[in-house]
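Letters A, B, C and D mark the chains in the order given here, with residues in each chain numbered from 1 onward.
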């Protein structure tokens, strides 16, 4: 029997443990988390809790019962499902929570992110595309403008996911205006103030990454002069 | 409490407030409105009402309760959902209603539309493709012929969506035979006499834009000599 | 009130009027019949009836009530839905029925078919692909072999769909081994002994057309020497 | 009447006969088994049974009633559905069971697998992509590392599926670290210790094959130096 079941049982479809399951199914249909790839965490600010999808499982088949729950203040697990391992992404999700006060963090193995990491060097850059307006300014209220340049840092991949933490933390600090970090030959981390903002940013970024790949293939610069 | 609830509550799945929700889910699966992009408005001629999806929300999660309702004759809002903003597309939808007497207007961030706006100059042109026969003549009854040339004007994008109004109105007037306007690096506006016609035109145009991108990539002219 | 309702009302999901609706939804998700494109007809040999999807409607929204029913022996309509027009494909479906004794005929605006019609001249040809084994020999029992060459004739499009009849009939006769005809810049007609065979052939052919486009793009011959 | 019905009737959605149906629908939406292509088998170790999808049917429409059941120890059919033929893949599935003690084997006509078989010679190779970590070491416990090279042998296709058995058995033995074999111009066989592992490996491999095709098209080596 797993303790802490009261933390994930709810009739409310907006409960973090249920939302994680719903969003994982959505990500699966986009091809972002096939083959157990990717992950997601939602933070419940009110109760000081962090909900985490487990490691190495089929994301589209996750049930609330499979969700880990951590206390935010001391990062202690309040709920550890039997036979499951915590996500290796956990320190990375925590980086977004502690450095940026994020409310949710999404990690995918999006092929567009991987391809952009092969086509771009230190950063992915794109400007003058309407979809950029879905992205936040981050360092000040409001959203980016159409002609703003969206810059997403690309960090090098490491053998173990946990080892990404240092580079990810550094990228977050070096690029105070970003709400995402691409990991070369790996995928992307996207966070936001709330789970819905994180979801929207992830969709908008993936749209821009996919478009960026197509523009590169056609010889069209992704940044307009 | 939001007033005007009687305008959006209905058991009828064909009610405009419910159709907007259904079509937004459909558009989401096509990848046309991810990341809060795009929008849709339906006009109820009988009751002189305009129904509008709100600004900046996840289109696939819209509920009838989120719908704005405007009186057509004086463009006054009869229903304004709490905590939501009217769509920035509203003046553009109104242009289609007032200049063309449209019954619905769809706006998407279709990647094929964006790519065509990068591959074509002043207009997107295609001819001798069967799918063109789904398009209306506009200036006279009936549909286009297979060998007709479909011409869709491309206008330049602006920082704010509202600022597109002038160029959109001008394009509508300069191209009396068009039922759509592409916005460069942004997306497309498509309208029709009814919501179903608008939906069909939007699907047929997107098919032609996608095909146009592929033909360009293969070095095949989109207009046959 | 439309007469002949008893011909389309059934609790049986395998009834032709219900199958047409189900298959049109399936085709829509494949992108084969968006924008009212395409069509399908099923023949009920036992009762000597032909069921036909109507012209110019959204295929994914068709209901049994929208289905036309024709008597095979004299090609007289037994059921004509109010406000709908018979499909312009009807003479083409009849060609497959009368010349080949088909049990169903599918017409799509598949982009892979259109692209192949632009990349190939008189016929689409492919060999040495396993999926070819899903195709019938037609002129003798059994299926094609892996190393057989699948040859699908390509006919020129005409302004009106009905005008295709002569060329389609000729192609069917000139290529006795084919169970499909591509129409240049238009789409494809695929038929089979039963509705399920027609569906399977259509899927297998579309797979091969899509693969053929990709092979052409990579400079790989579709026919192996 | 078909005997052995008690072997496939179950209220448990995790019963092999029901899982095969569910997974075939999943594979269909990925485009891996359209046109009757592909197949799947699950082994019930506890009861010494093998469940097999039938030959040449629409995979997305399979019902538990269509499933063949074989006794593992003497490979005798305990259940043979009326009017259906056993899958031609059966000897290949058995090779994975007997040589590798697999718990399930999946066969698809994945276009990415076919394309990779045209772009690569004796083996498909890829390294330094995070998704590789979803793959097992096979010859020792645990999963592959990010920088490991995934090597999947490619065997030549034969006229009849059964004839692949020799080459498949040889490839399995020559490549003790592989959990999949690509068949040139045909598709792929993927197996695993359990049905879920086989499903995950198949998804991860297909992701890598798709990425491999894109990398080749962009002139990026799939193996990092």
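By definition in this document, a residue touches a chain if its C-beta (ideal position, glycine included) is under 8 Å from a C-beta of that chain, and two chains touch if they have at least 3 such contacts.
To keep track of the chains, here are their UniProt names: A, B, C, D = Methylthioribulose-1-phosphate dehydratase.
Since this is a predicted model, take the numbers as computed values, not measurements.
Here subunit B and subunit C face each other with different sets of residues for the most part; under half of the interface numbers are shared between them. Ranking all chains by how far their C-alpha centres lie from the centre of subunit C, first place goes to A.
Separation between the centroids of subunit A and subunit C, computed from CA atoms only, is 44 Å.
If you average the CA atoms of subunit A and of subunit D, the two centres end up 31 Å from each other. The set of subunit C residues that touch two or more partner chains is empty. With chains as nodes and touching pairs as edges, the resulting graph is a single ring in which every chain has exactly two contacts. Those residues of subunit A whose C-beta lies close enough to touch subunit B in the complex are 128-131, 134, 145-147, 196, 199-201, 203-207, 210-211, 214-215, 218, 220, 224.
Against subunit D, in their complex, subunit A makes its touches with residues 31, 34-37, 56, 58, 109, 111, 114-115, 118-119, 157-159, 183, 185-187, 217.
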